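The first chain written gets the first letter, and so on, giving A, B, C, D and E; residue counts start at 1 in each chain.
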Amino acid sequence: MIVRDRPHGLALFFVMRGSVLPSILPALAVNVLFAVVVTVLHGVFLDHKIEVTTAPFSLIGLALAIFLGFRNSAAYDRYWEGRKLWGEMVHASRSWARGVMCYLHSGDAPDGPRRRPMVMAVAAMAHALRHQLRGTDAREDLVRCLGEETVARVMERRNVPAALLQQAGQGLGDWLRSGRLDPQLVTTMEARLAELTACAAGCERIASTPIPFAYTLLLHRTAYIYCFLLPFGLVDTLHGLTPLVVGLVAYTFFGLDALGDEIEDPFGTQLNHLPLDALCVTIETSLREALGETDLPAPPQPERYVLT
Amino acid sequence: MIVRDRPHGLALFFVMRGSVLPSILPALAVNVLFAVVVTVLHGVFLDHKIEVTTAPFSLIGLALAIFLGFRNSAAYDRYWEGRKLWGEMVHASRSWARGVMCYLHSGDAPDGPRRRPMVMAVAAMAHALRHQLRGTDAREDLVRCLGEETVARVMERRNVPAALLQQAGQGLGDWLRSGRLDPQLVTTMEARLAELTACAAGCERIASTPIPFAYTLLLHRTAYIYCFLLPFGLVDTLHGLTPLVVGLVAYTFFGLDALGDEIEDPFGTQLNHLPLDALCVTIETSLREALGETDLPAPPQPERYVLT
Amino acid sequence: MIVRDRPHGLALFFVMRGSVLPSILPALAVNVLFAVVVTVLHGVFLDHKIEVTTAPFSLIGLALAIFLGFRNSAAYDRYWEGRKLWGEMVHASRSWARGVMCYLHSGDAPDGPRRRPMVMAVAAMAHALRHQLRGTDAREDLVRCLGEETVARVMERRNVPAALLQQAGQGLGDWLRSGRLDPQLVTTMEARLAELTACAAGCERIASTPIPFAYTLLLHRTAYIYCFLLPFGLVDTLHGLTPLVVGLVAYTFFGLDALGDEIEDPFGTQLNHLPLDALCVTIETSLREALGETDLPAPPQPERYVLT
Amino acid sequence: MIVRDRPHGLALFFVMRGSVLPSILPALAVNVLFAVVVTVLHGVFLDHKIEVTTAPFSLIGLALAIFLGFRNSAAYDRYWEGRKLWGEMVHASRSWARGVMCYLHSGDAPDGPRRRPMVMAVAAMAHALRHQLRGTDAREDLVRCLGEETVARVMERRNVPAALLQQAGQGLGDWLRSGRLDPQLVTTMEARLAELTACAAGCERIASTPIPFAYTLLLHRTAYIYCFLLPFGLVDTLHGLTPLVVGLVAYTFFGLDALGDEIEDPFGTQLNHLPLDALCVTIETSLREALGETDLPAPPQPERYVLT
Amino acid sequence: MIVRDRPHGLALFFVMRGSVLPSILPALAVNVLFAVVVTVLHGVFLDHKIEVTTAPFSLIGLALAIFLGFRNSAAYDRYWEGRKLWGEMVHASRSWARGVMCYLHSGDAPDGPRRRPMVMAVAAMAHALRHQLRGTDAREDLVRCLGEETVARVMERRNVPAALLQQAGQGLGDWLRSGRLDPQLVTTMEARLAELTACAAGCERIASTPIPFAYTLLLHRTAYIYCFLLPFGLVDTLHGLTPLVVGLVAYTFFGLDALGDEIEDPFGTQLNHLPLDALCVTIETSLREALGETDLPAPPQPERYVLT
């Protein structure tokens, strides 16, 4: 995620970091080059003048506006839903920690060693989900939270976050059966685990189900045809300015399209993606603070305007 | 569901799999052919020049934009709601399994044989719902999950998913009366069954209630009239390019319309429909993993870019 | 509700059932006739040429697009919310039945006769709500579900669905006091009754609160003025085609408007309204199936494409 | 709230009740008068012809469409959310009454006198909220529901609805401590009170937080500039029809704007506001019917098409 | 937040307080000045006439409309979600107070001193969240609510609101273990704490996750290019009026853009931000009133139309 103030004035035009420009540069260059050729030839190919009035542009433009507007909203909704799901993980884990720390009856056995793994299981679950979504290796983070032994057992499972939540549930069941936790409060705590299960499934849903491919195809095709026909429609009235205007229009259309592609699956590591690393640090910090620990991880800081 | 990266450059124009082009080809061909005829005749039929300016197109286009935009959003919302309902089934079934595995009191009777059918009843319910939505035979999948005897009894009922959930409820009631499950945790587990009931009813709702037919009718009629009037409006300024432009406009409008038709009822087996087979495998895998089983089904893989 | 496949090709233009055409025919005929008169007179009334350029149409069209788009979404949202509320009634009643059938402790008294009226009270509530929304007489359906005596007592109340749910609550209270139902499960069952209460109040809300009248008025006025000014704006360029184009534009605008009027209050018996009869059969069937009955009502079938 | 069928044909143009016309008449008159002056002078002021083409109108129109569409949706969403909150109060109070009437254990003390004040406290809360939102005096309605003594004590509090709900909670606590209500059912009943608390806070939120003032300002300014520039843009092509068309455009824009102003805060007593009086009668009737009373208030009837 | 009636007539044009004009004045001035230069030179730079027709404006305008409409909705949704979260804090804290005051069993120890800190912990949490969001010092407000000693302990924690809620949870746990609060009611009260936890996390989410930077960049760039090209497109038809029209168009586009920037993060202290001070006073007043206190803070009043 890009974290920076909005640049002002001319500076605006020289910002590259976080811009979609790099990813659309090839298509844009081809498009502008083509416009230059059309301008130089005055739209005449093989002794044949290709004359396109502005009429087709407003007609295709209508469909294009619907596509772009729709896809844009759909992609941003997915981005924001992804962020909400991680926000729910933040508060579900804080409420989970409060439950573990506050509502136990004092039992015969000393309860110190038992509470920490229960709380940290949720931190581990957040790390595991992040690594699963990004296809990276969770081992290091999990070991820091839970220790080698537990991690070895858990990582045999295909769905590691679910395994960690089941382990937490097993702990609740032990407390229930030993009378350390009233059944009413087990239901409350289990509700937290169910919320975390729902967050994980929600993230899987967004990551595994793209916007229907046929939309993407229709949109790309229409945008490309539109922008490559454009020089023919403009050359007779704009003359030498044609490539400039074509470049501007193509920049906005290709840019909007590429941005949709980027934030549609917001859990990756591209510049405009969600800062899952930082969110996991927030969750782990909250949980360890609830345990009363004081050697907390440093708050995440953006590096060159980017929070990963 | 089509699962593939976005093709780049010219490749974009030759992708057929997942495109709506095949389903709109007949109407598109007729439309373009008609445009060719109009172009050849210069818009003169029976010695009478049919002259249509661009004015009607912007007027009808206004209504058309409202229709297309509305229908497009409504159809996608149904698609996405369908996906959300199946996502809820994923996490409700995981939480159900956690409940069965973690919160029972140890009773006198050995509890091994009882837990598995309780967990697998939910896997069977997912399969049954999928087959009900697609009108296929659920027997094979159900027998694999629950065994012949149970399935024979359950399939006498008209609504098989509801019957399976009622059977799971009966099991909860038995555990309640034998004291193996605290009533508080019965309420938690019953809440899971209620969620699954709601998911099934939500899917039935989407499958049985189309977007009001009058919308579909208005939209089709307006789009057809628009595209068949178009050659008359363009022939005087675009001359020989008329069929090309008419084809492009008709491709986007008919394509958007056909795509809406396809994803409006997203539970079928067309290319852009939801991958219910894969989702059922996910659910069954999660449940069997929660039971501690290790001979899990293979993760679903797309075949020629398609996940069913 | 119209249930039919989308007609193809020319058949599209001859479908009447489910179309809004019949309800807008008078206004449409007057509008086209007026366009014919304007065309014949070439826009000259009383020796005075009424000349309207296309400018006003794009200006008023802007406001009109906002109105139509807004009203269209608002009306469809009400339609779809109505459908969702009835979908919630379907699953709330199924979960209610599961509760009654599964979680009772066996008491001293034989429990056969008590369960059926408790389950069927919810079926009766659905029928009562449907009849209340449509202003028809609920007696016959209620008697079939609950018997003469109960119905006579309940129908003295002004709000019959609420009375039926209160009666079901009274039954829960009896089971609570006799120890046949744990208080935890009473809360679960009462949650079902609260959901049904909310569904009923939601339907009352939609039925009793139209879209603010001032919107309807502004929209009608703008649409009428727009369509009746239209011939003056088109006659100089389209000549003899004017009435045709005016008819097409008016058909889409009046049609969209009339459709909004129709589905704004979706609980009636017009062609595009919700099939409350079929939904009540679904609910009653589910409940009787949960009771183990086998002489179930026939599944509702559309008649001449219409499900009521 | 206006309750009337949609007028047809010419009658449409003479409806005043519920129209926004009266509130925009002054601005509209000034605008049309100005257009007449411009038309008479042919756009020439001080020997200087003010020539405005249609270009600025489509440019400013773009921004205006965004403003109007946005504000319109935002205002209607507030209206409809207000209605939903009151709908929730209807069903929360019905479920509250069911709870009071059904789930008490019979205690030693006769329970007749205790139930009624508990049920009616919620009716009083609805009345108190309505009077608070409208800035009127609640005393009369409260005394009818709860009697002089209770009301005197409650009205010392600044937030009367909250005080009434706290009193109801106190009653629940008494029943809890005397064993007349199981703690599980106290949680269910308290959930009803929490819903009512949320409804009250939601209404306060809508009433106290307008759409950001800067939007209103931008919208008003743009709409006024647009409509007062319009005669200059139209006079050269429409001549004598200019004031008529300006009037039509201004009517729709000012009307949409004024309507937004009206329904943005929907709890007042203007014609298109929500019928809080009628809703309170509905709530009180439901509660008294649940108590078994039969001398119920008359159902609210619209007076000259208006329900207050 | 600006709280004032809508000004009428000409007064409308002289309102500065709450307008976005001041923040866009520099860019606007540069733009208009540039338009003046273009007008004076008749678009001729270095003997070269720069001729731009209106075509590019409608093409870029299409993309611009999508950007502005999207960003506007997204920013307002964040504003309104922020307001909803604080509205939830209002009612969650009222329900929390009702729980503390109504559902305790009388214990051996006098309970006076214990209830107040439990209730006021939530008031302190609201103050702490406000100060955290605004980056100000919470000490003074916290000390007034909880006293020096508690505050010193709590403020050692990094996340003060979470620490305060954990402390409240500890109090609940004490009451649970001493039998003063039934476990069922502990779950109800803990649900309130979970709601408050969710509100705090929601506010953190909005404050820490801006709309993706690439959108902001694309929008700014497109709007600037559009407005600086505009004089070339208008000068040939509008002549001397060009700077005026450019100023109007730029005012609406830059204004909409700046307004989005302002309300995107609604928790600050700019004029159109949410009145968190007033909301905290409301929460504290409600809680102290529930405790029976009568020396309540004065209701917040806007100062020069602004509520902070």
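Note that in this section a contact is a pair of C-beta atoms (placed from the backbone, for glycine too) under 8 Å apart; a residue touches a chain by one contact, two chains touch by 3 or more.
Please read all numbers here as calculations on a predicted model, not as lab measurements.
Trainee: If every step must land on a chain the current one touches, say how few steps get you from subunit A to subunit E.
Mentor: 1
Trainee: Can you compute the centre-to-centre distance for subunit C and subunit D, using the mean CA position of each chain? Integer Å is fine.
Mentor: Result: the chain centres lie 24 Å from each other.
Trainee: Please compute the C-alpha centroid of subunit A, do the same for subunit C, then give the distance between them in whole Å.
Mentor: Going by mean C-alpha positions, subunit A sits 38 Å from subunit C.
Trainee: Of all residues in subunit E, which are in touch with two or more distinct other chains?
Mentor: 58, 64-65, 69, 183-184, 187
Trainee: Enumerate the ring members one after another: first subunit D, then subunit E, then the rest in ring order.
Mentor: D, E, A, B, C
Trainee: Mind listing the subunit E positions that touch subunit A in their complex?
Mentor: 27, 50-53, 55-56, 58-60, 62-67, 69-70, 74, 157-159, 162-163, 165-166, 169-170, 172-173, 176-177, 183-184, 186-187, 190-191, 193-194, 197-198, 200-202, 204-205, 209-210, 212-218, 220-222, 224-225, 261
Trainee: Which subunit B residues qualify as touching subunit A in the complex?
Mentor: 1-4, 6, 8-9, 12-13, 15, 18-20, 54, 57-58, 61, 64-65, 68-69, 72-73, 76, 79, 83-84, 87-88, 90-91, 94-95, 97-99, 101-106, 182-185, 187-188, 192, 230, 233-234, 237-239, 241, 245, 248-249, 252-253, 255-256, 259, 262-263, 271-272, 274, 285-286, 289-290, 296, 299
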